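Below are two complexes that have chain A in common, paired first with chain B and then with chain C.
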Partner chain A sequence: MTETTSSEWTGTIDQVILGATKEEGGTRSCSYRIGGESDLPLLGTVPAGIRQPLIAFELCDDLHAWPQIVRHYVGDVADDPAAWSALAGKEYGADLIRLYLTSTHKRGFSDFNAVGTTVADVLRATSLPIIIEGSNEPDIDSEVFQSCGEAGQGERLLLGTAEASRYRSIAAAALAYGHSVVAQSPIDINLAKQLNILLRETGLPHDRIVIDPYTGALGYGFEYTYSVMERIRFAALKGDSDLAMPMICSAFDSLNVKEVRDAEPDLRDDAAVQWEFAAALAAAVAGSEIVCVRHPKTIPLLKEALSALNSGVRRAGGESP
Partner chain B sequence: MIPVEAAKNQGGKALGESVKTLSGSISYEETAYHLPLAFALTGTPVHTADEARTIYAKTQDNPIIAVEAIVASRETHAAPDPQFTGFIEDAVIRKLGYSLVDGSILGLALVVGTPDNRDSVASICRELQEKFMLTFLAGDVIPALSSAGIKVGLDYRLIPLGPAPDSSIHFADILARVAMMFGGVTPGDAGRLLAYAAERAKAFVIAFPGLRDEDISFIDAFRVLGVPIIAVGEYSGEGWIQSPAQDAVRTGMDLKGIKVNVTAIPIPMACSPAFEGKSIRKEEMYVEFGGGRSPAFELLRMKNLDEVTDGKVTVVGPEIGDLKEGSAVPLAILIDVAGKNMRKDYEPVLERRIHNFVNYGEGTWHVAQRDLIWVRISKEAVEKGVKIEHVGKLLASKFRMDFPQLLDAVEVTLVTDAARVTELKKEAEAIYEERDARVRGMRDKDVDTYYSCTLCQTFAPNHVCIITPERLALCGAISWLDGKIAYEISPSGANQPVEKGKEIDALRGEFEGVNRFVKKASHGEVERCSLYSVMEVPMTCCGCFEAIALMLPEVNGIMVVNREFKGMTPSGMTFSTLAGTIGGGAQTPGFAGISKGFVLSDRFLQGDGGIERLVWMPAQLKEELGERLKKKLAERGLPDLFDKIADETNATTIDELLAVLTEKNHPALTMKSLL
Partner chain C sequence: MTMKALDIYKILPKKNCKECGDPTCLTFAMKLSQGKADPALCPYLDDNAKSVLGASTRPPIRLVKIGVGERNIVVGEEFVFFRHEKTFVHQPGILFRVEDTQPEDEIRRIVREVKNETFTRVGIDLRIDGVAIGNTSGSPEAFGKAVEIVESEADLPLVLKAASVAALDAALVHCGSYAPLIHAGDPGNVPEFAQRALKHGCPIAVRPKEFSGLAALIKQCTDAGVQDIVIDLVPADLGDFLAKSTRVRKEALARTAPEYAYPVFLETRDLGKADAGTYLGILKFASVIVTDPLSPAQKRAALTLRQNIYTDPQKPIQMTPGIYRVGNPTKDSPLLMTVNFSLTYFTLQGYLEATRIPCYLLLVDTEGLSVLTAVASGKLSEMLVRDSLKKFDVENLVSHRDLIIPGYASPLSGRIEDATGWHVLVGPRDAAEIGDYLDNLGKQ
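Then we have the complex of A and B:
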């Protein structure tokens, strides 16, 4: 961290803690502290104990709408979210697991106990901190978030995804069981701020919110996301505390873009990985403290690139790592 | 009548005696909060009778602590009775807290005592169920409900705590645990606990007759937690609110501000702030009102509660079905409000919200204010069945939803009958004038605090209006007084006090405090702001300005054009072209958005050489300001300036303007150069 920008920033990004170790009342092998910047991304001084951006591996409990290419690459383990998440930590090298409860997306879903069981199973299978993505249907939010919140009590989960039209159940689960919340707005700084205010009014403290600016895939809208992320961070550093939260980005459409679908079969994995890598790296540069990927092979590439970004060597001398 | 004060004293003594007789261990299972009230108030975990006595003494014989220990001791040693819940474990409280945040429960009620007749308690509990309250029961109310055929249990949101009134102590231990679980209240931090409970706990007690002195004594102590006590029985004491049984629930909910949310407004179009920035273009519009095409205005007035029927909407004149597509129709939006906390001073501030609320409608659009409004309804909305009446419904509902503390009733009348609109508009204009007059006479130098307005940041994110006694907001709708009142009504709203601070330039009206505020509120974009100058660091412009003041270097003067003027100005641009150039929150030296009334202010153009700079105004604006402007000019020793100000009848181009000004010997021509 050798360079700073010349602007007179007055704001600092809030620090959010993810995961809880045994000493902290949970069962994770580590916990992360993210945020804390008082300058633009990857510049300036970040408080001690903060390592970011973090890489989250996304997986799900129902592969119905999941990119085929992932299923193809990872094999049958994808049918068992617990085994899959164990693999993501041990073999893929992810920092975090992001579990999508896609089973709840089925029409008429009502097996709310199963949700809790899945979350508990995944928590047993991996010791990494976890992000849980619940239902996407307001009618069942209350039950779904109640059961994921309860199943993860004490683990300081990150729960998603709150939107302006439906945030109460997620906020309630976060408050009741000590978790944090992913607050998503559709590439719009004003709505991002509005949602954070709504969350604050439920009693959720600022340091339990992570902003999801909504991330388009590279070539499919990422530039809009980038520009909104810049504005969010500028506003935060200029002192707008309602936007001073860490960010999370998932360019999950990357694996479904035309260029990947149309690639030669034996090049398809590489195309997918490159596409996902480029979007994730750009999101990290724009200030995302957590970047999410779905292809296991993206993780080592991204790790190397992020550590180069973090080293400061390239910025100082201009040479490659 | 039972005097609460006397009962408290007697009861307190009796409780003290009972505490002395406690023995052995006292403890609840399935909780991390020990005896929750003792733990929350003092931070000390209590597990034995001796410890309980120590805490009781430490809290100056607090009856809540006494009853908690007495009930806990009883429940520790007796076999549980399955008819009652007794102490409720943490896991259930967590779920309960979840429902409170989630909004599936709106608040908590405790119903206690011995009802005279079972029907009154039955109807109270039914009303509580209908209003999404979670109700706790203790004592004889439980058998009374059962005999009235009402089922109790968590599933019915009626929780039977215990057979005696003292079981209602659990109601308070739940409030304490919710504060520790959800409010981050540290055990032992009594101050935080009380503040949290008073502010957040949506809870009240309904007390029937038959309470013992001991019960009165500890239930009375709930009041420090901000829990009001509604006395249906004959109790008289400070803070015990007498109420007939049929009004008890409403009284309690009103006192704690618990509102059954109107989640959807029953109109055939969506209504949300998400649509606020969406405009309706000419091609998309079915009908329009005002905007210079037809007379239109809006007026919000305070009335007595008996003069306003809440939710009533009346349309006087033709409805949507009677109107031709693409036509311009007269409109009066009349909103009558009543409320015990409402004040006449608040009228203009609330009136300004009409703008936001109409824009919330997916197919309705609104700009400007007062008698300048311009409203459109889209074709798409009309196809879906939206009528003029629905605009009224939207307004009536939104005012009630957004100002629950202020308004108890809102009635809306929409007039589309041309003759009625013209007639009513005269009355409205008198009221606008009256409101403006209230702030007239105050001087900027007389106050230390100005007010900001950032209402327009939704579409102009860096715009900051600074409102002073002598300078209305540029939209003309918010005066310094309105800013002050808006701040009182909603302290975290768009109108904030601005400490004027040290004077940097008296003539231009630049102040250190104002600069500091503007920099912060504009997110660092705007560093300085002079209140009385068009030329140097003028205020930013949103898009709502009533008029624009701009420099004309060719004639060394400044012209003013108002929104209503559609023609060409000597600057070579029309109002709408100019507005498009300077709006959006930008600071454009040489241009300023102003209210029409600002032209009459002694501060107008003070930093640019004075009112002598004013060279051109549309004839209609000249006429509107007419007598008042002439008077002002005469006061300042410029009695002949008014006639020297050109308008579109003698100058529409810069060359014509120069000729007119030269011919009339306008003072601007010989003043110090503007640039």
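Then we have the complex of A and C:
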């Protein structure tokens, strides 16, 4: 074991719990505890019971703007978010499901009951803990987050995405139904801190916030996010408690980039997988406790790499990862 | 410990003789304190000053060169732990591995791939840097033959993965004067390997049995007069490499342990995975990465990641301001305006090409600032747009007077109309939506 010099750090990352088992008041087959680091990412000692980085598989309830390569690879199951979620857990091997309610992005969307039904269906279809990404339109946020918050009551969902310009509806739903919140700021450490303070002022405790630094795809600004994540984690370890939250990173545009679109047809899946694999691995190294992918084939590669990366992390109490 | 410039000045001869190349002893002292000059440049240092300065003014990580051709690899002389502290300087060399047991045409194919294949991103050509040759056969003759084949194909930086002194000698016959990296001086052979490195002026990699044996091997090399050393951390897996390379970089920068003041060598085979190993090496301080040949997808991702991580955070890559064409636009084609930050341009260009709608793109000179920061700082103004339209003679390029501006520049729309007389249309904030936007525009 190689010792790193960790004496310079004074801060510890907050622990956030995702998902609730039957004993914990939910219906999930497991729950995850993330955060708890007091050293650089994937080094040093973390408290017992921590499991990270986690791999979230991203899917949606309306494929309109989803990368075509995903639809092409997964087939018709992509039309049914519940069945797709079940597959993501059982066959793809994801740790978490991140469901984007893209149906709400349609102009004039108003079928808020359908949102609740979709969330309930997905919760029935998979037993994994779940991240729900709601609307991106402030006018309907309140109804959408109320509806999915209620449908997931007791399940300790992670709800997204709060931004500085719109965070009240989502914080209200998280507070009312016991969920946590994804707090996204545009690749800026100061704005990340500011949003965390705003969320705290709504009454949302620190240990129910996950920072999303916003992520450009590899080759399309990814290095800005990489460095902002390193800066956020550095500040947190130096003692800034307003930045001491776990992070989530999704290089969501990876499968749309020119390098993937223009790849030779028989190499396109490979190009997509490596493009998001490299970014997800880098995000984990920069401190992301949750990394998100959209191509099912990325998951096994990432799982193996993250497991090997964890070999240097000690668990308090000697528990193995 | 690092010394302050004035403390260094006190022990310099203060002759201002200029023989070091600097105008005064004080300016030389300032360079020494930043690790940017070598104390040996001063011919008048006494022994005490030499030993004090030798320990405190050398660069935190030694500069090492591999190869002598146009495609040589230069690594080391890094000054930071996080790239945001300043920048990473010398990107790692990535070398594809061949074996002396492989058929000749297979070796030739891999060498040609390294030599010829270029992947262009953001206007910059990205390449794999060199070839490592493994003495898998154990036979000196086979190794010498393989090196000869590689040398006959290309003038590339090489890593010689030799198993014995005899094999190394057989290889150096063919490439000894081209500064290949010798891998590796180990506890069994380091006196002989170091002697060869000295004789041929080659850099050498040292590989102990255990990480803790590094210092002893390095000392054997330096005692033999070899300074150009890279260190193999004998990592057991990805996590072990991360822990060791983190420690090495920290101690090198803190100048606490002289054995860590060298660039790090990584062979991805030690980590089990060529793709993940290469990505981690790029991210976390590897300077020479030897890997089995990567697939096209892995190669492109690795080269792009390396480009990202080694971009200077304070110097955004800029495009030359002017008119850029997407497809074959005519006088009626749409005209879009944006900033000359290369990332903005290439992102937008990618999406514009996907729309298959020919158009003109006017890049105005914001000195590489993004739209958001250029608007906030005032760098992007109605005057700049007006002057750019004039400078690039846009009036004669299109027959219409509609200018599409980025969504984040919408606060300027009125002022741009007033200053230019053009009709301003506010486009989307996100380049990904430009296709839908232009489609809708066409329908109106």
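Keep this in mind: the second predicted complex is superposed on the first by the 306 of 321 C-alpha atoms of A that agree within 3 Å, B and C clash if a C-alpha of one lies under 4 Å from a C-alpha of the other, contacts with A are read in each partner's own complex, and residues count from 1 in each chain.
Assume a residue touches a chain if its C-beta (ideal position, glycine included) is under 8 Å from a C-beta of that chain, and two chains touch if they have at least 3 such contacts.
The shown structure was predicted, so the numbers you read here are calculated from the model rather than taken from an experiment.
Of the two partner chains placed around the shared chain by superposition, neither chain B nor chain C is touched by A:297. Contacts of A:238 after superposition on the shared chain: chain B is touched, whereas chain C is not.
Once chain A of one complex is fitted onto chain A of the other, the partner contacts of A:194 are limited to chain B, with no touch recorded for chain C. Within the superposed three-chain arrangement, the count of touched residues of chain A is higher for C, of the candidates chain B and chain C. Of the two partner chains placed around the shared chain by superposition, chain B is the only one that A:172 touches, whereas chain C remains out of contact.
Judged by the touch definition given at the top, the superposed model places A:219 against chain C, while chain B stays out of reach. When both complexes are overlaid on chain A, the residue A:205 reaches chain B alone and has no touch with chain C.
By the touch criterion stated above, A:164 is placed in contact with chain B alone, chain C being left untouched. Once the two complexes are laid over each other on the shared chain, residue contacts for A:105 go to neither chain B nor chain C. Within chain A, the residues touched by chain B in the first complex and by chain C in the second are 234. For chain A in complex with chain C, the touching residues are 1-5, 40, 42-43, 186, 216, 218-224, 226-227, 230-231, 234, 253, 256-259, 261, 263, 267, 270-271, 273-275, 277-279, 281-282, 285, 301, 304-305, 308-313.
Chain A meets chain B in the complex at residues 142, 146, 149-150, 164, 168-169, 171-173, 175-177, 189-191, 194, 202-203, 205, 234-235, 238-240. Residues of chain C that touch chain A in their complex: 82-84, 121-122, 211, 236-240, 242-244, 246-247, 250-251, 271-273, 275-276, 279-280, 283-284, 295-298, 300-302, 304-305, 307-309, 311, 313, 343, 346-347, 350, 353-354, 372, 432. Contact residues of chain B toward chain A in the complex are 94-95, 97-104, 181-184, 200, 273-274, 458, 461, 520, 523-524.
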